[in-house]
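Input: structures, listed below.
Here chain A shows up in two complexes: once beside chain B, once beside chain C.
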Partner chain A sequence: MMARVRDRLAQLGQGWGGLGLWWLLLAALALYPYTGVTHLTLFLGSQVFVLVTLASNWNLIGGMTGYVDFGHAVFFGIGAYVMGILVTKSPLLVSPEWGFLQALPVSGAAAAIFALLIGLPTLRLKGPYFSIAMLGTFVAMREIVRVLRPLTGGGVGLNLPPVLNRLGDYYLMLVLMGLVVSIMWWIRRSEFGQSLIAIREDEIGAEMRGINTTLHKILAFMIAAFFTGVVGGFWAWQNTFIDPDVVFIETRTVEMVMMSMLGGLGTVWGPPLGAVVIYVLQTVVWGRLFGIHLLALGILMVLLVLFLPEGILGTSGRGGGTSIVRLWGRIRQRSDP
Partner chain B sequence: MDQILQALANGLLLGGFYAVMVLGFSVIWGVMGIINLAHGEYLMIGAYLGWGLFRYFGMDPFAALLLILPLMFLFGYVLQYVLINRIVERPHLMSLLITFGISIALANLFKILFTSDPRNVSVTYNGSVELLGITFPIVKSIIFGAALLCMLGLHLFLQRSRMGKSIRAAAQNRTAARIVGVDINRTYAVTAGICIAITAAAGAMLSPTQAIFPFMGPPLTLKAYTITALGGLGRIPGALMGGVVLGVTETMVSRFVPGIGTNLGVAISFVILVLILILRPQGLLGGLRPVDPEAE
Partner chain C sequence: MTDGSRPLLEGRGLTKRFGGLTAVNRVDFAVQPGEIVGLIGPNGSGKTTLFDCLSRLERIDGGQVLFKGIDITRASPHRVAHMGLSRTFQVIRVYRKMKVLDNMLVSRRWSGDSYLRVMRPSSSEMVRRARDLLEFLRIAPLAEEPAGHLSGGQRRLLEIGMALMPDPDILLLDEATSGVNPTLIETIKDHIRTLNGQGKAFLLIEHNINFIADLCTRVYALNHGETMAEGTPREIMENEAVIDAYFGA
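Now for the complex of A and B:
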């Protein structure tokens, strides 16, 4: 019985049913503000959407392609800074409200271009070497931004024009999240996505079968970077203040990695689920204990690696059910002498 | 000319510290194939131990090494036995994630315990001596000497002792070592113990020269990685060479390129790192094993 349920679930995730359910959920979320909610709820909602979008993006390069990116927040930071610079310094933009929507795709594009430039050398590195190179990119970029004082304001940071529009923020992030997750769903079904997974499983083998691995890796990296940059730009606008320490913060990468891992690396619905679970854990369980958030995340990460490396929804490549099913099986086996 | 010599001397002294800081990282990587992302946090723990013993017991940071070394050996041994040994033969990703998790947990544990205020250890012999027109800060010179001693000790241990031979055997071929009767789990635990002890000792030696705070780790991890890539995995002379190259480059750049503070050291090491990884993935000298896993 369990097996059949699991098969159905897997099919639901891959097929149109999964996307249909997702769009239903989006529609429900789009109607949600009409039930008369406060600004705070809208703000928290857009925060959750940000997390889901970030986790899905990270999953594209870290989960599906298997290139674990420990510096993905660098694209977030670049997006945020491009937004900040464009709306505060650029003489081309007259009105800030208009400037925001103009600058949003630009911040994504800047991140994507940076991904192209940094990906060309670093994506040639295999496995852990890529991870560290990206961690290095991240740490180095924070220092570079701090030094480029005339452009970025250095350690003082930039103040963006404060425009309070919680409803607009909510809908913008909702659309962005819906778009990103739908794209991930499409990528997972498409030949492009299958090639990415082939690269993850056996890069040399994939190359032998005629997949242009460099092109695929760079493309995946750029897509992930683009949307991360857009989210970064949005975040900068919403937060109205950026400096190197709030934008280039390790926490953001850690959260992306954790959410994807918890939900299941390489799955479409895993990262969104993981994002929601971690957000709820964070606000309900350890949010009240000041400062314990990252400690808990670190410990959770160690525990996940030891006991649930495939995440909640993850299926291992070689058959077998989701980890939850297998964990359940193991517990039953243990209790049966 | 004097300025160049002075910068060179400063870089050399910094390089000595880098060399001892990187030893543990390099040997753990060379022996177990694990890139230890929590390396900087072990340094941080060592620095806090040095600070705590100085602040509350009035112990000199260098004398405190006698206490810190065995303590952190135990810490490393237990950590390896309980956590890392369980994932050492799984894919690289798992060891990366678990050490990343440990690093975050440790840094934030220390933030909760000690707040993120920077701490200082001010020793009485904080001056400097002048020799041939070049100033040598006393503390940094002591660190340099201690670093050389550490390297010599580790070298002798790995080459001469029975355990050292087991460690090298496990590094060359885990399966073969197991067949001839090397207890891999214990060997790894001892390796980790020694490496983490030396790393923490380096952290404690660092404490008189710079401010200590919980998040000092990641840049140091990155530098350790760069130096290891420069010098080759698990090679002690390589560690010294890589450390000196990075140290001299950093001091030269911060001294002679205008408008750049020492903070950019991280960016410099990153540039060096990417160049090395692309141009010479086996390191400048070669080592216990190549940096590029494809050649394994």
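Now for the complex of A and C:
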């Protein structure tokens, strides 16, 4: 029985069935604004979509490729600042509202180009050295933004034109989230995705067997950086104000890591699930245990990591199947007389 | 393609140093197309380091490596693999969390692919080849298992299968019989003979001297990073320097 559930889940996740369910969910979310929801709900919805998209992007380099990026928010920051600079200073944009859409791909492209430049030296590093190098890159970029006052506004920041369009924001992030997760699904089942997993499992072995590991890592890094940059651009536009301390904030990367780990590193559906679970937990814990909410959330995280070390949907070579299915199996085994 | 007169794989004056230690010192050797050559020597004699130099895992400090007549001394490892050189490792390297079949598929020959191709799942032709090889190695029933579930011997076979997946011209097998039971050793021997019959060359590092004697036409014996002797298995086994350094009196 358990084996059947396990196999069905695995097939569903990697096959077209998983993608079909995802598109059904997207369709339902597209209809949601017509159920009489408020602007606040739409705003919160777009925030969840931001988290899902960020977690999925981080998972491409951190979960699938095994390069734990502690500075991934640098791409978010670059995207946000490119958006801020373009909509406040560029004469090329047609109007603030449409200019936002023009600037959005530029935000992603700038982040991807930066990923190429920084990835070439840092992706040669292994394990914690890469993580620390990226953390250093993140901190350095924050200081660079602070120093480049004529362009970035320095510590004072930039005010973007306040264009309130909650419905438009909701749909834009819904499309972006749908696209990113679908791309991750596609990558995971492609030979490119398999090669990333091989690099994560044994980079030397992968290189010796003909995989151009440098090229594959750089490509994965650039794809993740591009969409993180686009999300950063969107966030800056929606927030209408950016400065180094709100954009280049360490907890953003920590959130991406936590969401991916909770959902299941290297899986397609784990990071989106982890993002939603963490968002709901944060909201519920904050609402009901205000004052000790950080303590409660911390304990919850420790318990989850203890009992689901590979995340909710994570799989391991030891037992096969998802962690949650294995946990359920263990509980049932113990309860059997 | 390689013509018969030119060695398939050739090392000229190969030298590799680790700080003050010279692990491989001016070693010359050659493997002809379709030949099975053995490499023996005591622990620390430089056999695996020589393999690492040939497959470009290690940077070479002196000398030259030619594969199919092309200088690969400075080539990247994946480029050497694309050219048709495959290897296995002393400590087995398989992707433990991936399924056996996926291990095989991801080990296919990667040369000449557009990125549009690699963005698609493995072709049915490639899946068929992987399954055929698993069948050949008699581990086909394990295709859907994670590689981490396999026994040491089964992982050895999988690693050989992964090395065969790109249809290489030469296979470098590093202690392929280490930790493998006698029945499985015979199986590996049969596989090597069959593949050699199909024209594949082999370079084998082995401590199992019967294995070497049964399969190889020529053997190199290394000691302290230098070539101690070269000849047929019988000549090597009767060589006094080799007996002193390796087999024992």
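Here is the rule we go by: the second predicted complex is superposed on the first by the 302 of 337 C-alpha atoms of A that agree within 3 Å, B and C clash if a C-alpha of one lies under 4 Å from a C-alpha of the other, contacts with A are read in each partner's own complex, and residues count from 1 in each chain.
Just so it is clear, contacts are C-beta pairs under 8 Å (C-beta built on N, C-alpha and C of every residue); 3 or more make two chains touch, one makes a residue touch a chain.
Everything quoted here is computed from the prediction, not taken from an experiment.
In the superposition on chain A, no contact is made by A:L31 with either chain B or chain C.
Within the superposed three-chain model, A:V284 lies out of touch with both chain B and chain C [touch as defined at top].
Judged by the touch definition given at the top, the superposed model places A:W186 against chain C, while chain B stays out of reach. Judged by the touch definition given at the top, the superposed model places A:I211 against chain C, while chain B stays out of reach.
When both complexes are overlaid on chain A, the residue A:S131 reaches chain B alone and has no touch with chain C.
In the superposed model, A:Q194 lies in contact with chain C only, and not with chain B. Looking at the shared chain after the overlay, A:D202 reaches chain C, while chain B stays out of its contact range. Here chain B and chain C are compared by how many residues of chain A each touches, and B touches more. Counting contacts by the rule stated earlier, no residue of chain A appears in both its interface with chain B and its interface with chain C.
By the touch rule above, chain A contacts chain C in their complex via residues 186-187, 189-192, 194-195, 197-198, 201-202, 204-213, 219, 315-318, 320. For chain C in complex with chain A, the residues that touch the partner chain are 55, 57, 76-78, 81-82, 86-87, 89, 93-98, 102, 105-111, 115, 117-122, 145-149, 162-163, 166. By the touch criterion stated above, chain A contacts chain B in their complex at residues 66, 68, 70, 121-122, 124-129, 131-133, 135-137, 139-140, 143-144, 146-147, 250, 254, 257, 261, 291-295, 297-302, 304-306, 309.
Residue ranges on chain B touching chain A, taken from their complex, read 35, 37, 83, 86-87, 90, 92-94, 96-98, 100-109, 111-112, 218-219, 221-222, 225-226, 259-261, 263-264, 266-267, 269-271, 273-274, 277-278, 291-294.
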